[in-house]
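By letter and in written order, the chains are A, B and C; residue numbering begins at 1 in each of them.
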Amino acid sequence: MTHNAVAETEHDEDGAGTAPVLRPHDDPVHMRRVAEALLFAASQPLSQEDIARALPEGADAAAVLEDVRAKYEGSGVNLVQVAGKWQMRTADDLRYLLRHEVKEQRKLSRVTLETLAIIAYHQPVTRAEIEAIRGVSMSKGTLDTLMEIGWIRMRGRRRSPGRPVTYGTTEEFLVHFGLNSLKDLPGLSELKGAGLLDASLPPDFEIPTPEQEGLTDDEEPLEQMEEEEAPLEMHLPEK
Amino acid sequence: MTHNAVAETEHDEDGAGTAPVLRPHDDPVHMRRVAEALLFAASQPLSQEDIARALPEGADAAAVLEDVRAKYEGSGVNLVQVAGKWQMRTADDLRYLLRHEVKEQRKLSRVTLETLAIIAYHQPVTRAEIEAIRGVSMSKGTLDTLMEIGWIRMRGRRRSPGRPVTYGTTEEFLVHFGLNSLKDLPGLSELKGAGLLDASLPPDFEIPTPEQEGLTDDEEPLEQMEEEEAPLEMHLPEK
Amino acid sequence: MNSKAHKDPLKERTQTWPDGQGPVRLPARDGQGQGDDARLMLDLGAFEGPLDMLLDLARRQKVDLTQISILALAEQYLAFIHQARRMRLELAADWLVMAAWLAWLKSRLLLPAPPDDGEELPAEEMAARLAFRLQRLQAMRDAADALMSGPRLGRDVFARGSPEPTVVEKQTEYADTMVDLLRAYASFVRRKADARGYEVAPQPVWTIKEARETLQRLIGRLDEWGRLDSLLLQYLTEPQKRVSALASGFAAALELAREGSMELRQEDHFRPIYMRSQAACQ
């Protein structure tokens, strides 16, 4: 305890000039302040580990985060969990107030949005599978657009003839749509219950869940470097 | 407080996507939430007028701002006034959290290291002499790098046409390489003994003994101020 | 299509299309269209392929998608295609493939089921699959809507507008050691030593001139055949000149023989060369 207090004094000395309060490092208020400062300062969601690194060794980062979350509950700014990480965001119900402040976002076509939804709910999914679900062939530009925005990525290759590339969503996708994990996709359980997420016909017993991380059994990794090269390939002129 | 609690409950219920709960616009909690969200999301400091515009007509923006300021006082993030406007900022005593020191291990390039060795052994030595000794011309960057690291310095000027600057090593150089003085630089026999030089050297080959302190007879001191100016000159574009 | 046999559901639906702007529409009644109810205005561009249109038609049945009549759907689609052909509209292949499949499905649904040969799925099963595909497509559209109307970062909710970036202060530590420094100097010294170049030390040689003089002195006293090499080597004091002595001696001997002052003889390749003075043979 004394030791901690000393450490505190030390880095306060090189601080920005105000007289810091002497406090032990594992004071819960101090720990909450640290987490607060980090979460407010960050432009990206932070992981629990990111917070833990700034806390004294052995501190319960989860408890500190919960402390911050509770403090901001109901205020104009909330601490929310997205993509398994933590981010401060303006309260959802104030959107009416803030919305006009932003420039109109790029308008995405219906096809692009539909494709995004199919990839999100059916991942890992191949281009051919997306086309089968939509009943039409897809122009190259649709996947390109989604890749460019950063919402989808190439995950791997399906272990099937032709070894087609499989697509899935990215962490950015989760962050943008405020989802903590793919399990939070709206209506997921209903769709699953209705068997509508089954790629194979007709709906039967096997109901896949969108797979976020790692490859599924019928996927294999993209070759080294391919991830870099492949997007290029997608820009080749169509025949 | 009870009143506040009710307000909080209300907007807890209106989850994602629903219309904002109707509440009296002059509810102080609501107004504080609005100001909070605006200040948090703003990319620039906001004026009191900016806040007032988002509040119901006739609301006391100053009081609302004071409310927000008080709420954040003592937390990891503070509402501060800069140039008459309002901005959220990391608490001063926690700013150290936003500084990361990264220690990077680097090695000098072969050319730079060789130049340093030549300066160490042959000092005092001019740029032209280094080039003559090495048999190749040298880019400006090489000496700059060594000066920047602090391992070499300008010692004086050679008493010869053009009065070229002479270079030598610094105390920092000795400290880094663990030498007590330049006399401790290994000589020819020691280099041979260490297996760094083989016996095939011409018998008349010599390694000079560096001159440590003070100017040699053929050196004259740098002019006053020159030591400050000269490094600048080194950054002039090459012809 | 026999519009009198049963009520044409398409006609009904199109007439009740809420905005009147449905892609499949009846033309304005202009008096001449009396028995022509099935004639439709076609706007293929509004659909993204046959499945999209089937879904559109299915939704007009105004029932839950799980309850739709695939038979009615097939009939509507076929009527649509029929109409398109009459108007000589160009239809992409997938529209025609769907039409052919639906026509076949319709006949299978209407006719008594053939004995199950295990190869073809029952018609009801196939109809169910089509219904499933429509439901799934609809579900994905709804999902897209749900996704897009949720709170989105940068549109509805906002992260910190003026984030305070973490300043990374790089401190460079040079890892070069004394050994590196010395190695650099040593390699430079070595290179410099090499750059001095290779000086060829003068090889000790017996010149042809020397050999000639020696031979001339020798042959004066040589009446018998004597071996060139052993005679020459007798006069050699420095052993390292041996090779050059033999070469020069041989050349000088040839020269002397050509001039007629000595005679040379060799019995065979690589055999010893013998010499004697020319005077001796005369």
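Miscellaneous remarks
In this text, a contact is a pair of C-beta atoms (placed from the backbone, for glycine too) under 8 Å apart; a residue touches a chain by one contact, two chains touch by 3 or more.
What you see is a predicted model, and the numbers here were worked out from it, not measured in a lab.
Note on connectivity: the fewest steps through touching chains from chain A to chain B is 1. The most central chain, judged by C-alpha centres against the centre of all protein C-alpha atoms, is A.
A separation of 32 Å divides the Cα centre of chain A from that of chain C. Once the centre of each chain is set as its mean CA position, chain B and chain C turn out to be 43 Å apart.
Among the residues of chain B, those touching two or more other chains are numbered 16-17, 37, 40-41, 88, 90, 98. Among the residues of chain C, those in touch with two or more other chains are 150-151, 158-160, 164-166. If you check the complex, the residues on chain A that touch chain B are 11-12, 14-18, 20-21, 32-38, 40-41, 54, 73-77, 88, 90-98, 101, 178. Here chain A touches chain C in the complex through residues 40-43, 82, 87-92, 95, 98-99, 102, 105, 110-111, 113-114, 116-118, 120-121, 133-136, 175-178, 185-187, 191, 194-196, 201-203, going by the rule given at the top.
Residues 48-52, 94, 125, 128-129, 132-133, 135-137, 139-144, 146-148, 150-160, 163-166 of chain C touch chain A in their complex.
Taken together, the chain C residues at the contact with chain B in this complex read 149-151, 158-162, 164-178, 180-190, 192-193, 195-196.
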